[in-house]
Amino acid sequence: MIIVLKQNATPEQINHICNKVKELGLTPQVSRGIEKTIIGVIGQEDKLRVQPLEAFPGVERVMSVMKPYKLASRDFKSEDTIFVMDNGVKVGGKQVVIMGGPCTVENKESLLRIAKEVKKSGATFLRGGAFKPRSSPYSFQGLGEEGLKYLREVADEVGLLVVTEVMDTRAVELVSKYADMLQIGARNMQNFDLLKEIGRTKKPTLLKRGLSATIKELLLSAEYLLSNGNFKVMLCERGIRTFETATRNTLDINAIPVLKEETHLPVLVDPSHGTGNYNYVTAVARAAVAAGADGIMVEVHDNPEEAASDGEQSLVPKRFDAMVKELRAIAHVLGREV
Amino acid sequence: MIIVLKQNATPEQINHICNKVKELGLTPQVSRGIEKTIIGVIGQEDKLRVQPLEAFPGVERVMSVMKPYKLASRDFKSEDTIFVMDNGVKVGGKQVVIMGGPCTVENKESLLRIAKEVKKSGATFLRGGAFKPRSSPYSFQGLGEEGLKYLREVADEVGLLVVTEVMDTRAVELVSKYADMLQIGARNMQNFDLLKEIGRTKKPTLLKRGLSATIKELLLSAEYLLSNGNFKVMLCERGIRTFETATRNTLDINAIPVLKEETHLPVLVDPSHGTGNYNYVTAVARAAVAAGADGIMVEVHDNPEEAASDGEQSLVPKRFDAMVKELRAIAHVLGREV
Amino acid sequence: MIIVLKQNATPEQINHICNKVKELGLTPQVSRGIEKTIIGVIGQEDKLRVQPLEAFPGVERVMSVMKPYKLASRDFKSEDTIFVMDNGVKVGGKQVVIMGGPCTVENKESLLRIAKEVKKSGATFLRGGAFKPRSSPYSFQGLGEEGLKYLREVADEVGLLVVTEVMDTRAVELVSKYADMLQIGARNMQNFDLLKEIGRTKKPTLLKRGLSATIKELLLSAEYLLSNGNFKVMLCERGIRTFETATRNTLDINAIPVLKEETHLPVLVDPSHGTGNYNYVTAVARAAVAAGADGIMVEVHDNPEEAASDGEQSLVPKRFDAMVKELRAIAHVLGREV
Amino acid sequence: MIIVLKQNATPEQINHICNKVKELGLTPQVSRGIEKTIIGVIGQEDKLRVQPLEAFPGVERVMSVMKPYKLASRDFKSEDTIFVMDNGVKVGGKQVVIMGGPCTVENKESLLRIAKEVKKSGATFLRGGAFKPRSSPYSFQGLGEEGLKYLREVADEVGLLVVTEVMDTRAVELVSKYADMLQIGARNMQNFDLLKEIGRTKKPTLLKRGLSATIKELLLSAEYLLSNGNFKVMLCERGIRTFETATRNTLDINAIPVLKEETHLPVLVDPSHGTGNYNYVTAVARAAVAAGADGIMVEVHDNPEEAASDGEQSLVPKRFDAMVKELRAIAHVLGREV
C-alpha cells in the first residue's frame, strides 16, 4: 500500500498515519520526495484495506500494490485449472468446450430436436434457461422446475451435460438436483448471498461477467466461490455495456488474454449475448477461440422466429454446425481441440 | 411498433411478417417509401414485444413506439406519488426528505451518537447497513440481525425512521420486521426474485439504480415492485459507471429531470456513492436539490477514520449540518421545504 | 513514481531498472515487502514519464505519484483565476457569467432579436456558431466569415461579448478578429495543433471537455494553452458519453467540485449539450450553479422549430429569462451574483 | 422518418407538423394507434434531418429509418472496395495486409533496423509517427518533416509503403509528399476540416475510429472523405474507451462484422492501441483476423525500453514474426492470405 500525502500535510498528520499503520502490526516507510511525501506500508495489505485511509487528514490518495483477489490469482496457483465433469468431459486444458442450446426451454420436443443437433456438431453441454432474468415483469419468466426436468431428460437421452442459470438462493438446491453446472448470470455477478450459497455446493459453476463489471470485480466474485470451497469455476465473458449501440453489448476480447494472465480459471465466451445479433455470432466466436478462450456458449434454435426469447441472436443448427467446423480449424492452429 | 425492412426484402417475406402480426390480433400497415419499406403495427405493442422480429427474414430493424413500463409511467398516473410513513413523514410532494447515517452499523453507541446528530440537523430517516454487499469476500460483511436491532432501537429512541438494505430473498421477512423502508441496492436492481418478494411485502421501498442501468431499466425494475402490488416506491440515483476515474461514480444529474418527466414516483439522490469523496458530497447534494430531487441520502460518521466502510465518503456531523442548511435555502428558492 | 515488480523479478532485473533511474539523475529506493518488491523513485517525475517503464523486464505496474499537469493545477496557483474582458466583464470570481444565443448564426435579423432578449435577461456573452462541427457532411456547416460579422455587429449594437468556435488552425486569425473569446469545441479538445495555435494568441479561450475526455485530460489540454502563454482560459463541462441514451450526453456534475479543487481556472457548464433536450436544460442549469459553476452557456432561439441546428435543445427567450431568475436566487444562496 | 406524438398531442399540432412535412416536398402518413399516434414520412429523409422536429409541439420522439451515410454504405455499393497502391499492393480483398513499425520515428538507424525486420516477417506497410498527438504538452511531439524523410528513405530502401499520421490541415500537403497512405488519428476522427482537406487529396487514407465514436459516426466521418472525392479509404478499429481499466482501451471486436455488413470499405485493426500492452497484442491480433479484418497494424520496436513513446505496447521483432505466422495460419482457415 502506498499512501500519497497532500503537499501541505503536517508532521503531526504524518505521525498520526504512521501510528495507525503500526497499530495494525505493519511497518510504515516515509519517503520525502522533492514535491511529494509518500508512506510505503510493508506487511499484509489486507489489514489496511479495511481502513478508510483517504479519510485521514493529509492524505491525497492511496494506491494498492497487491491484487485484492488471492485464490483466483496466478500468484496463488500458476498452472491452469482443469476440472472433470461426471461424464469425463474436461473443462480447461487443451479441449475447447462447446455449449449450445436455446435461450429458454420452451417445451421438451423442441429442446430435444435442438439438443440432437448441437450434439451432432460437437457440443458437450446443453444450455437452456428454466428461470429467466427478464428486464420487464411482463416478459416470459421461464418454465421453472418443469424446464429443469426437460433439460435433464433431454441431456441424458442425447448424452450432454446440463448448464443452466440459478437466480435465487432459495433455488440453489433445486437447480443443483438437475444441472451438471450452475450458471450465475451477469445480473447476479455481485449477488453475494447467491455466490456464497453456490460456493458451498461445490458444484461446477459458470460465473458470467456483469454488464459493467471490471475484470478485477469478476475475479473478486470468483473469489467468493473459491473461498467458500468451490474451485470448479469457469469464468464467462459475455459482453460489457458501452456507449456503442450497433450491438447489444460490446464483447471485451481483451478480457481473454488478461484473464489468462491473471487467473488459472478457464474462460468461456458467449458471443450470442456479446453481440445480440445472429449475423455477428460466428465471426466473434472465431475471434474468441483465436484469442485463447477455453470454450464457447452459443444460443441455438431451429425456429428463431418462434423462440420465446433472444431469437434474434440465435443460430439455426446449420449455421451452428458451420461455426463449429471453423472453430475446430482455428483451435488446431493453436494446438487445441474442439 | 415499426418494422423497418431490408432494401432487398421480398414480397413473400413481407407477407410472412404481416401474417404473423395478424395472427397476434394486430393490424399491419405497409408503407412503401422511395428507399425503404416499413410496416407499422397497430394494436397492443406488448403482444409483439415477445416476438423476436429481428430474426424474421427481410427485417433490418424493429423500433418500439410505446414505453415498456406502464404502472411506473406518467401516462398511467400523471400526479406525483406521495406516500406517508407510519410516523406521518411524507415521501414525495413539497418536502425534501433527508436521510443520514453511517454506511455500516458498527455498534450501538456510535450509531446513537450519529443518529442524534442527523436528527438535530433535520434528517427524518436513519440509514445504515446491517447486511453489506462487498466486492471482496474478505471485507466486513455487516453485523446482520444485531445491526438491525440497533437500528430499530436507536431510531425509536431518537425519533427517526429506519431505511436499510436487504440483499437476499430469504432475509426479506427479517429485515421487514425492523425497517420502515427496505432498500434494494444498486447491485440488486435486477435481482428479479428479490424485486418480486419485496413487491409482495408492500413495505415502503427505496430502489437504487444499478451501476450501469439505464433509466428505462430502472423504471422496469420499479415496474416489478408496482406490478406485485407495492406502490410505495422511491427511486434513487446514486451514480453510474463511466470511463471517468476522478470520482468513484458519475452522478447522473440529468436523470432527475428525466425521471420527474417519465414517472410519478419520488426521486432520491445519494451523493455519497455518487461521488465517493466527502469533499464533493455537499456540492453535489446542492445540485441534486436544485435539479428537483425529492430527497437526499448521505453517509455520516463522527469518526470517518474508524468507519468500518466508506469512511472516505462520509461527512462529519458538522459538515452534514452545514450542508442541510444550504439545501434548505435552495429548496426555498424552488418553493419546497427541507 | 512507484514501480511495482513482478513476484518473480530477478535481482538483475531490479538492478537494471535502478541503473536506468540513476542515469536520469533520480534516486531509486528499493522496498522489499513480504509479497511484493517496489521501487520508489525520488526526483522529478517528468524525467521518468517519457520512459516506457512497463516495457522493462520484471515490471508489473508503474504508478504515478505526481499530477501530470502543472500550470493548471492548484499546487501551482492556489487562488482562483479571474480575468477581465475588454468591456470590464469579469470571468471567474464572485460573478456567475451567463452566455446565451443560437446554436448556429442563421441571419442577422434573427441573431439581433435573440441577442436583445438574452441581454435583457442578464447575459453578458452572445454565443453562436459560424463554423459548425457536424457529424454528417450533409448537414449545414455554418455561414463562415459572414456569420462572424453578424456576431460582431449584433454584439456591438446590443452590448454583449462574442464567444464562438474555431475549428481549424488556419482560421484562428480570422476568428480572433471578430470574437472576444475563442471556443475550442468538444471534438477538438485534443486537436493539439489548434491548442498550440490558440495558446499563442493569448485571447480569452473557452475549452470544452471532449465527449470521452477524463478530467485529467481536460486539464492537460488546458496545459497546452497555458504553457503556450495563454492564461485566460475557462473550462467547460458539456456532458460526457456514457451508456445512457435517455439524454444526448450525461452531464458530469461531479466534475464541477473536482475541477474547483484541482485547478484555479474558472468552470462553465453547458446544459444544452449536456442534456440535449430543452425540457431538462433549466433543471440542470440550476444544478450547475448550485454545484459551484462560474457560468452557464445556454442555446436560445426564438423559433426553435426553424433553427438550423440543435433546435430541440434550445430554450425560447421566455424560458431562458425564467431560468436566469432561478439561477440568480441560487447564486445568492452561495454568496454569488448573476 | 417516423414521428411519434405525445399522448396529448392536439389535432392542430398534428396539422402543423404535416404542413411542415409537405412544405419540404414530402408526404406525411398519419397512423392513429390505440395508445399513440405516429406520422410516417415518405420521401427523402435528408430533407427532414435538418429540421429539429423534436422541438415541434406535440412531438415525443423522432426515429430515423434510413442510415445517415450513403457513399460508405453497402446499399450504395455492395461489393467490397479494393484499392491498389502504387507498388501493386492491394488493400481490401483476399489479402490481409500487415503494417508494422515504431510508434514514433526516433532516428534513421533504428527505423531501418525495424523496417527490415517487419518486411522480412511479411509486412507491406511501414508505420511510424513524425507528428505525434500527445495528451501532455511536455511529452515528445515527434521529429516533424525530418521524421517524414526518414520514413520515405527507409521504406524505399527496404521496399515498403509508408503510412503516417497527419494532424493539421496545414500539414496535409507536406505529409502527402512523403507518405503513401495518410493516417487520420483517433483524436481527429471528427476534425472535419482535416477530413475535407484529406478528402480532396484523393490519397489512400487510413481513418481511425475515435475513442468514443460510434460505428455510425465512424462511417459519417468516412462519408466526409468519400463525398470530397476520396474513395481509397480504409477504416481502423483501435479500441474504444469504456469503464474497464485493465487495458488501455477496449478493442471492439464486434465492430469488425458490423462494419463488414454496413460498408464496402476495408477494415484494419490496431491491437497495439486496442490493448496497450504487448502481452495481449498477439492474442487480439489473432482474434481480429479470425473475425474478418482486412489487415493488422502493430507497433514494433527492437528496444522497447528505449522507445520514445508507447514502448509498453510494442512487440520485439521476434514476437512480431511469431504473430504473423499465426495470423497466416488463421487467414488460411478463412480462405485468405497474409
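The chains carry the letters A, B, C and D, assigned in the order they are written, with residues numbered from 1 in each.
Rule of thumb we're sticking to: a residue touches a chain if its C-beta (ideal position, glycine included) is under 8 Å from a C-beta of that chain, and two chains touch if they have at least 3 such contacts.
Predicted model only: the values in this text are computed from it and were never measured.
When each chain is reduced to the average of its Cα atoms, B sits farthest from subunit D. Averaged C-alpha coordinates give centres for subunit A and subunit B that are 26 Å from one another. The centroid of the Cα atoms in subunit A and the matching centroid in subunit C are 38 Å apart. Of all residues in subunit D, those touching 2 or more other chains are 212, 241-243, 245, listed in ascending order.
A complete topology is adopted by the chain contact network, contact being made between every pair of chains. If you check the complex, the residues on subunit B that touch subunit C are 212, 214-216, 240, 242-247, 250-258, 260-261, 274-275, 279-280, 283-284, 286-292, 326, 329-330, 333-334.
If you check the complex, the residues on subunit D that touch subunit C are 20, 46, 49-56, 68-69, 133-141, 167-171, 187-188, 190-193, 196, 210-212, 217, 220-221, 223-224, 227-228, 241, 277-278, 304-305, 307-312, 314. Residue ranges on subunit D touching subunit B, taken from their complex, read 2, 4, 7, 29, 31-36, 38, 40, 42-45, 63, 65-66, 75, 212, 241-243, 245.
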